[in-house]
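The structure appears right after this line, and notes come after that.
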Amino acid sequence: MSRVLALHLGLVALLLAMHFVLPAYHHGNLARVMVLACYAIGFNILFGYTGLLSLGHALFFAAGMYGMGLAITQLGAAPAPALLAGLIAGLVVAGITGALALRTVGVAFMIVTLMFAQAGYLTILYFGDITHGDEGFVIQPAQRVLWGLDLSDPSWRYLAAWALFSACLIASLALVRHPFGRTLTAIRENEERARLLGYDVALRKWVAVVISGGISALSGAAYGLLFGYAGASFASVQYSIFPLLWVLLGGAGTVLGPFIGTLFMFYLIDLTSGITTAYMLLAGVVLVLLTLFAPQGLVGEVRRRGWGWLP
Amino acid sequence: MELGPYLVLATLEGAVMAAVLALTACGLSLVFGVMRVVNVAHGEFFMLGAVFAWWIASHIGGAPAWGFVAALILAPLIVGAIAAAADMTVLRRIDYDPERTIVATIGLLYILQQATLMTYGPDARPVEAPFNTRIAIPWVEWTEAGWALYWPWGVATTSYKMFVIAAAVAVLAGLWGLMTRTRIGLLMRATQLDRDMALAFGIPVERVYALVFGLGAGLAALAAVLIVPIQQAHYLMGHDPLLLSFIVVIIGGLGSLPGTILAAILIGLTDSLVSVFFSPTLAKILATLLVALVLVFRPQGLFGSRAS
Amino acid sequence: MSAILQTSGLTRRFHGLTAVDAVDFTLERGEVRALIGPNGAGKTTFVSLLCGRIPPSSGSVRFDGADITALPAHRRIRLGMAYTFQITSIFSGLPVAENLSLAARGRDVSLSAALERVGLPEREETLAGDLSYGHQRLLEIAMGLVQSPRLLILDEPTQGLSDAEIARFKALIRDLAGETTILLIEHNMSVVMETADRVTVLNFGQVLAEGTPAEIHANADVQAAYLGTGGAA
């Protein structure tokens, strides 16, 4: 077994072990972190590996969350088909907005994705009759029993979050080592060169948006199902900025970075919000400091300082 | 009652909004035009303008007019200085890289907004207008005696709102003069055309950048001081101006001041007119989608000519 | 011999300026062709039209008998063209081996053989951006070779190479001749004279002359164009 695989499987095993030792408060937190880290993993595939900075990923996260939630509350779907509905909603939204946004580059791409996400957020508010706007809606525990497992029970919830996170982590590791994932890195490094080596850059970027949007949507759907709530704030600009913050902190273009960044930021905000309501101040300070002094992020710095083999 | 008087009223309200929007958006457009960076914290400079206006006005005694005049002069200067400081400590260090600048100004957005929450608090606070005479709007109707003027009930504006429009026009004219008639305007335009060439000719590009960033933020702050007697100052009030400025700047053609002003008038007027007929949320959805599609299919803006 | 590449009336205008002006050009299978001309003659624009980096204003390009004018760049590369840029273009943040493996697109070719052929020492794990300038150029040529192209387009490949590296490059081109077709933009006359079967001279976007190296060497119009004395004056 290579050291890369050993390291990632080690993290997966460690998180499983945590299930048995953590006190209830941190046990609950870590379940949240693992689901949100999947969102960061999805974002990282586009931002870290393909070099495309979207400021509108909350659109995909919310598409998954509302696709799942509305399938349950409006159509009376069971959790498994509801999760699938969330994933499909995310893939479709990513496919359409990606095809349009990819006609632009750089700053224009960032603004177009921001605007699409804003339109999505407003759409949720507009259909307040079924989404209940900012207030959101609760998914009852009785509707959250997946294959006989009660996901409103903290234990099953943690294990479900762990299973999802493990799958996303290993899938992203496999993707970036697969020839397709490596051409994404090539596009990030030098798009024109990749094109003139015979790669269909436009198609690959679009597929990257769809994969990234799909994972983000899956994370959003799982978050809604595990924690029993869907609300418009998950579609707001703030939720587009969060994955950027997590990935920048952990290290863009690293497989472990999204989890590390999400974990650190979650606890930083958790600690700060005990002191002040202005906890987003910390997010702002971290963003500015990272931009100025550590654009590689935590895992990126580790890789730069000797662990060059980190994927 | 007839629709006519309400349309007149909506147009006037729209003109006030267009005036404030034109000032705010010109600030954003100026920064984008000269520095080629997108300032996501622009809305927070607007918010800071309103908060400082409240702070200054509440510290100056006497007639409300004095506090307002002091705020009108001081708030944009303070905000401009804060922005110039942010430019020198943050943006200059990342060499105005377009993408990193966006990330950094997102950080700045949260810092300014949350610092305001910690100090100023979560309340909305008003600033008293220096004058606020009610001006009823006349309308014509056909009577047996022929056309006659009458004053429909509830259809009125205020002298202050008319002042806002006039002040915005004056400031924009001043900005135009600054850009076209003065030496500093010449330096800005030279830097805009070609940064490296400007450097080679000995133009202090770094100082020009700090000045432009400060000026852009100052314009947003000035717009906020003008609007704060009508809306109240609140730490989250920067969100809508930012979004609307984005819309205006993009539709007007990135970095073009005349295009920006034209688009501000268009958006300001249509927004309040559309709100008469449709839900404001639907209007916003359509506007944001329009912006996205303009960027995708007509990146030079609706009014710009195709870039070569 | 049959033509592998043919253009007819190929034209590209940039706001009023005609960079490539109605060029009819034929490249025979297996030949080594040098494309020369003064700065600004339209050489790079011309080869960019061939590989699809920029679309033509009018005219057509045929590759191996098929009209490829409407094909995007990556499809043309997949038909068997390889292109190296005038300004070195590699993946500088990735290791040398990854650069080559990306260029090979899954083909079963020896990456180290390609490195050896261009004369690059085996340093496959080095980041490409850490190589010296000359070595980066050689890497880009190696990236062309691992594509086993039927047409290899090289835009000023020897620019910035040392004398020893240039000598090795000449040997490489002679070695490749017959194996593949090569179109070479070149300023170094000794490279042109020693490697090319035929030479095409571009001036103001038009074909000024075409012939063997010796014929071109003796051509008065070409000398005038290079010396700027103006042949017609």
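Note that the chains take the letters A, B and C in the order they are written out, and that residue 1 is the start of every chain.
Everything below uses one rule, namely that a residue touches a chain if its C-beta (ideal position, glycine included) is under 8 Å from a C-beta of that chain, and two chains touch if they have at least 3 such contacts.
What you see is a predicted model, and the numbers here were worked out from it, not measured in a lab.
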Leftover contact groups, counting everything except subunit A: B | C
item: Chain located farthest away, centre of subunit A as origin (C-alpha); value: C
item: Interface ranked first by C-beta contact pairs; value: A-B
item: Centre-most chain [mean C-alpha coordinates]; value: A
item: Chain centre separation in whole Å, for subunit C relative to subunit B (CA means); value: 53
item: Mean-CA-position distance for subunit B and subunit A (Å); value: 34
item: Between subunit A and subunit C, centroid-to-centroid distance (C-alpha), Å; value: 44
item: Touch list for subunit A against partner subunit C, complex; value: 179, 182-183, 185-186, 189-190, 192-201
item: Residues of subunit C defined as touching subunit A within the complex; value: 51, 53, 72-75, 77-78, 83, 85, 89-94, 98, 101-103, 105-106, 143, 147
item: In the complex with subunit B, residue positions of subunit A that touch it; value: 53, 55, 100-101, 103-104, 106-108, 110-112, 115-116, 118-119, 122-123, 125-126, 241, 244, 248, 276-281, 283-292, 295
item: Sites on subunit B touched by subunit A in the complex; value: 38, 90, 93-94, 98-100, 102-104, 106-115, 117-118, 122, 243, 246, 250, 279, 281-282, 284-285, 288-289, 291-293, 295-297, 299
